[in-house]
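Heads up: the structure comes next, in structure tokens.
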Amino acid sequence: MELLLQQLFNGLTIGSVYSLVALGLTLVYGILHIPNFAHGALYMVGGYITLMMMTNAGLHYVLAIVVSIIVVGLLSVLMERLVFHPLRDSPPIQDKVAAIGILLFLEALAQLLWGADYRQMPTPFGEVVNVFGLTLTLQRIIIVAAAIAVMIFLYWFLKKTFIGSTIIAMAQNREGAALVGINTNKVAILTFFIAGALAAIGASLTSPINLVFPGMGHLVILKAFVIIIIGGMGSIPGAILGGYILGFTESIGATYISSDYKDIIAFVLLIIILSAKPQGIFSKGGA
Amino acid sequence: MMKLLNKRNIILILILLAVVFPFINQNQYYLHILTLAFIWTIAVYGLNLLAGFTGYLSLAHGGFFAIGAYGLGLLTVKGGLGFWLSFLLAPLITMAIGLVIGLFALRTKEHFFAIYTLCVGYIIYLVIDKWESLTEGVRGLIGIPAPEPIGPITFTTPIAQYYLTLVIFLLVVLIIYRIVHSLTGRTFIAIRNSEELALSLGISTKKNKLLSFVLSTFFAGLAGAMYAGFIRFIGPEIAYTTITFDLLTYMIVGGIGTLAGPIVGTFLILILSQNLQFLQDYRMLIFGPLLTLLIIFSPRGIVGFILLHYSNWKTKKRMTIPKDQVKEG
Amino acid sequence: MLSIMGLTAKYGKYTSIKEVNIEVIKGEIVVLLGANGAGKSTTFKTISGLLKPAAGEIIFNDEQIGGKQPDKIVELGIVQCAEDRKLFPQMSVQQNLMMGAYVHRRNKGQIKQSLKEVNELFPILYDKREDAAGSLSGGQQQMLAIGRALMAKPKLMLLDEPSIGLAPLIVEQMFKSIEHINREGTTILLAEQNANAALSIADKGYVYENGKIVVHGSSAELFSNEEVRKAYIGA
Amino acid sequence: ACSQSSGGSGEEKVVNIGYSGPLSGAAAFYGENTLNGLKMAVDEINKEGFEVEGEKYKLNLVSLDDKYMPNETASNGKRLVQENKTPIIFSPHSGGIAALQVFNEMDNFLIVAYSSEPDITERGNKLTVRIPPSYAGYIEPFSTYAMDRFGKKMAALPPVTQYGKDWAEAIIPYWEENGGEVVHQASIDFSKDTDFFTILTNALKQDPDVLFIGGASEPTAKVAMQARELGFDGGFIIMDQAKLDEMKNVTQSYDVLEGAVGVTPLIHTEYPGTAEFIDKYRELYNKDPGSEAGYHYLATYVLVEAMKAAGNVEDAKLIREHIQAGLDQLPEDKKVYEIPSVEDDGGFVNLIRMATVEDGEIVLKEVD
Amino acid sequence: MILQTSQLTKKFGGNVAVKDVSFSIQQGKVNAIIGPNGAGKSTFFNLITGIHPPTEGQIFYKGEEITKYPANKIAELGLARTFQTTNLFERATVFDNVVVGHRLRTKSNLFDAIFRTKRLKREEETCKEKALEVLDFTGLSNVSDQLVANISQEEKKRVAFALALATEPEIVFLDEPTAGVNPDETEELALLIKKMAEKGLTVCLIEHKMQMIMSLADQIMVLNYGEKIAEGTPEEIKNNEEVIKAYLGGGSASA
């Protein structure tokens, strides 16, 4: 029982990170209509910026995250302006490959700027907390709490504010959005900013429990794809739920099935779901 | 002058060049690279048949390539079969696996299909990586034999291997050409155009999509088997998604849905990346943006770009020629 | 209110409309007639900013608007109801209407009022308010598109073939609604294949052929023009 | 072998030395470290040049990136041999080494292999030299130490790499034969796991006395840290890939690693040439050297000595035959490690030493 | 009576798009389906041509039940259709678009393709001949080598007809074939439809243009909210109270 609880909490931690990354991916999917393969690179840059702000500029962890959100958000916007915006009318395969190009570039750049070695990100929230026989670290509690807060905020923003619904409107019909007076460029910029910010938050929260290195984006990005598919591409609640489903299956799967095969679990899960429901769980079957 | 440069002559010149290349080239390393390029191009043709002509982007292609490679490797190393028998069987095994996967994967469409196959590819990688008793896991398969001699012809020298690969390569191009220009090819294109319409025209989209999928896995498997016989050492990383992305890049840079695209893209990038090696770890700083720029300025790749300008040029010419003199090419 | 002078627009290298001149006076209904591909929609797209003009001027209330971003143009009071509707298919009918009032998003009272008016005009939209726009039939979607355009309280509304694919009864209602909207103070620029119905509510019209305006005049003049009759009104 | 004269200086000839290793991608850091050692040696040697059969030579290092992928190593190998006529190619990973071994005897080049995988020399390849010690020698001393100090229950959490698996396959039977018990076994995939809590929770549920871990130093350190967070207070057996000093950079202090047993970090080693090497390395690269840099540095000198002894700079076979002479003639001040001899299969014979953490300090232990 | 539906019903979730419709299509005649937007006309077509499976009810073609047949099988039996929104391959020529229409009458497979067998060559020839024939029939010969992207809307509609005809159908289902086409051209398309019927084809069409329907159709069915509310000759329909109320209206706008 204790084991189960501990593993549920572990699943919750990792699921929170997955959800954050998948959310950014799913938002951008709405605008681009492609899975953005470069999203993992943003995640990686997010980790580095936070680390650099802490070690080189001596900022507090929280402040460093704020800087990272801004920088990665802007980088994401730059990506939209320079690459995806000019490509908006070309077939989706092209965007995918362009995204791969960006990914290669950013990884090489990170290695040039910050070296190829593993870096450790210190956190001021290192304490270990024991409750009900569970071992939690403060950092993990913060991951879960922050992720949930961010998600609630995002949900509120998209559903309840006019600006938020412009993102959804534009995802569904770009020209239609322009015709009701929405500045589609601004919305695209905003969306990419949010996606970048989410990646930065995800990376900055996770890095203290792992490490910062040029390839760190790969850890989460493939799984994030699985998540947004399970959740139905472009679906916000789908991405959140998908993230947690995956987090829990991994931790529970590792405990009760086999830890060596826990990575396969995610992918097999997806294959099964898509074989039964080719449009994903949460997709609305449009005509 | 223009007459001499028609399509047929260009092709003949290229083939001739490929045939005499070993005699004019002193650097055996180029032979190695060209042989590899032929092999990769075959895999890209498979991908192009499915993604370019049928409209289904498969991201499991690296996986199928690896199945072909491991097929050959396992049959020879562990199965003790002869090289050529294994070489025949490996693509067939790939096809059989492709058939089963295709049956399920093709229920999905568009991005779902892309990600579904991405996951299939990843699972293939994981299986190869984890199933150590069969595949030797990360250690990789060692001791794959070189092609056995056929009669008096042996394939031990790089030049012999080059010609062997070239022959298979030309055969593949011919087959692809014929498929694309046959009723079967038109059927694929109709499906890419609109599945609903194709269906109501009496085309069994299910069957044809599956055919295209299985064919594409065949070429991937064939390329994989050739690769294993050439490099003679394979590890699970050849099933990894980076290989799929490489193939995808070759296809896009060359020109998706065109016949010359896979050749142009593969050769160009392979040669380019060889020449960027001096930049070492930072070559992606140049290659990444180059790739992105190319796609922004010519979404249909290099061949698409040439075709576009060629057809513009042709229509301009056509306007000056009386209409009844223009014949369909 | 709107004067277009020497407007030329291109898709890539292809010139779709050439040196078009149109004058719309406040309170009018002006109709654009022409065969398919004559350039009506292109004119609309250029006015609403979806397409950049290659040459010429578009003056709206003394302001040059050619080449401005679509959202700026909507803010100025020109709203287009496009040929292919451009709805938000997964949003509900009501959300679609709300998005229509995007430029008035700070004025909650007005939005409520507009919503009421639109629902009165097209009761079916009220019945289907919770349904996704994409699940509506063609005709219902057309109504929603017009309703959404009305939500912006436009000074000038561009209607691109609103009767396309609609049942006769609905077409009749549609034209009545257009007249009604016009009487409430919205100037209307309308593109139509259905010349008969369009001219009967319009003040004046322009006839397109191959991207150029070949005839223009008051409704009565166009009605009595033999060639126009033959080509666009039918026997 | 290529002996073009370089530039205008006419006097000296140049010997090209090849390298193919990961310079981009996940393992780039490791690749860079190996290359650093090589470069350092080459630069030093080139200051003076070296003389073979009366001719003066300089080294030219040609390094190519293979992203840790054996197929790329094979291509690079072809290229180095064909274009640069390198008689020697360094490769720091077992997959790439295996790929090179497919054709190195035919193409006549010497593989200088940096991998403690015993297989590499056991295949009978005549032109392969393995630099680091095979890990087989660590099994016994590590196990004995950990079992004596903490107890008989071990949880094995090796990395999923081939190397990790081989290590596990070697240590687990030994542990069990000597009365130990392996209570949990799982592998960690550093390229895919974001968080190690899940795996550790399962492992620690079995109350192990010792954790067997390893992989690159930094993530291995993370595993150790998280194990402590989850309440583990036993010892660690650390595979030779990870170095205690590098792990400390992550854990901040040796306290977390209390009771760990692993290979001796280079900076705590005291062979004749070690101190000088460490100083120079720190000055050049602004960080502590690891053993991969040290071994590559040393190997380069050994090769130069071997060339001198062979009186030849191009024939791989001759050079291989004179490796022992190279080891014998290695100047004292280059002895970053003490390597008395090379075995017939090409493996360097190393003296095995180990390091443990006791009361927050590194303690060196002689083995046999 | 070439095709019959019996109590055909289609539900999309809770929404009943077609409800209990029994209808017979008369051979060699022009059968029209009219009704308000959303009445279920297109859905009715989709059911018959196998794009959607019906929720309930049956479909018979020449006495054979075809209810559960897949779309391609139905096309092979001789039922062809056009779509409300024309979807053609814009980057190919008109000719290339139409050639594939005859594919279902050919047998060439991959083997034929790779070895360029006699059969393939022969069948390619028939496909090309068929394409030329239907292009000629639909009056498109002069644009056959133009890119679809460059032809007019009306010509595109004709290409859609040509594609349907290339399958050698016995019945063609036309979903709003003249939507978005001006009166002049509508008339020409109407003539083409007439020509098809005269050739012995059975035509079934959906339209909103009453003038055209009334002059063209032999039999009309009216759908409203998925239900059949009337059926009969144009005369009968024109004077049917319910139809006037639900659909036609009283005004003169129904041009």
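Just so it is clear, A, B, C, D and E label the chains in written order, and each chain counts residues from 1 on its own.
Keep this in mind: a contact is a pair of C-beta atoms (placed from the backbone, for glycine too) under 8 Å apart; a residue touches a chain by one contact, two chains touch by 3 or more.
These numbers were taken from a predicted model, which means no experiment stands behind them.
J.: Note the shortest touch-path length, in steps, from subunit B to subunit E.
T.: 1
J.: If you take the mean of the Cα atoms for each chain, which one ends up farthest from subunit C?
T.: Of all chains, D has its centre farthest from that of subunit C.
J.: Round to the nearest whole Å and give the separation of the Cα centres of subunit B and subunit C.
T.: Computed value for the inter-centroid distance: 50 Å.
J.: Taking each chain's centre as the mean position of its Cα atoms, how many Å separate subunit C from subunit E?
T.: Going by mean C-alpha positions, subunit C sits 31 Å from subunit E.
J.: What is the distance, in whole Å, between the centres of subunit A and subunit C, each centre taken as the mean of its C-alpha atoms?
T.: Chain centroid spacing, subunit A to subunit C, equals 42 Å.
J.: Provide the list of subunit D residues touching at least two other chains, using ranges where the numbers run on.
T.: Each of 24, 28, 32, 160 in subunit D touches at least two other chains.
J.: Where does subunit A touch two or more other chains at once, residue-wise?
T.: Expected reply: 107-108, 111, 116, 260, 263.
J.: In subunit B, which residues are in touch with two or more of the other chains?
T.: Residue numbers touching two or more other chains: 281, 283-284.
J.: Can you give me every chain pair that touches, using the contact definition above?
T.: Chains touch in the following pairs: A-B, A-C, A-D, B-D, B-E, C-E.
J.: Contact residues on subunit E for subunit C in the complex?
T.: 12, 15, 34-39, 84, 152-154, 176, 179-185, 187, 208, 210-211, 246-249, 251, 253-255
J.: Please give the residue numbers of subunit B that touch subunit A in the complex, ascending.
T.: 51, 57, 104, 107-112, 114-116, 118-120, 122-123, 126, 130, 241, 245, 248-249, 252-253, 256, 281-285, 287-292, 295-296, 299
J.: Using the touch definition from the top, list the residues of subunit E that touch subunit B in their complex.
T.: It is residues 49-51, 70-73, 75-76, 80-81, 83, 87-89, 92, 96, 99-101, 103-104, 106, 108-110, 112-114, 116, 120, 123-124, 127, 145, 163, 166-167 of subunit E that touch subunit B.
J.: Considering the complex alone, what residue numbers of subunit A touch subunit C?
T.: 162, 165-166, 168-169, 172-173, 175-185, 284, 286-287
J.: Once bound in the complex, which stretches of subunit B touch subunit D?
T.: 27-30, 32-33, 36, 129, 132, 137-140, 142, 227, 231-235, 237-238, 274, 277, 280-281, 283-284
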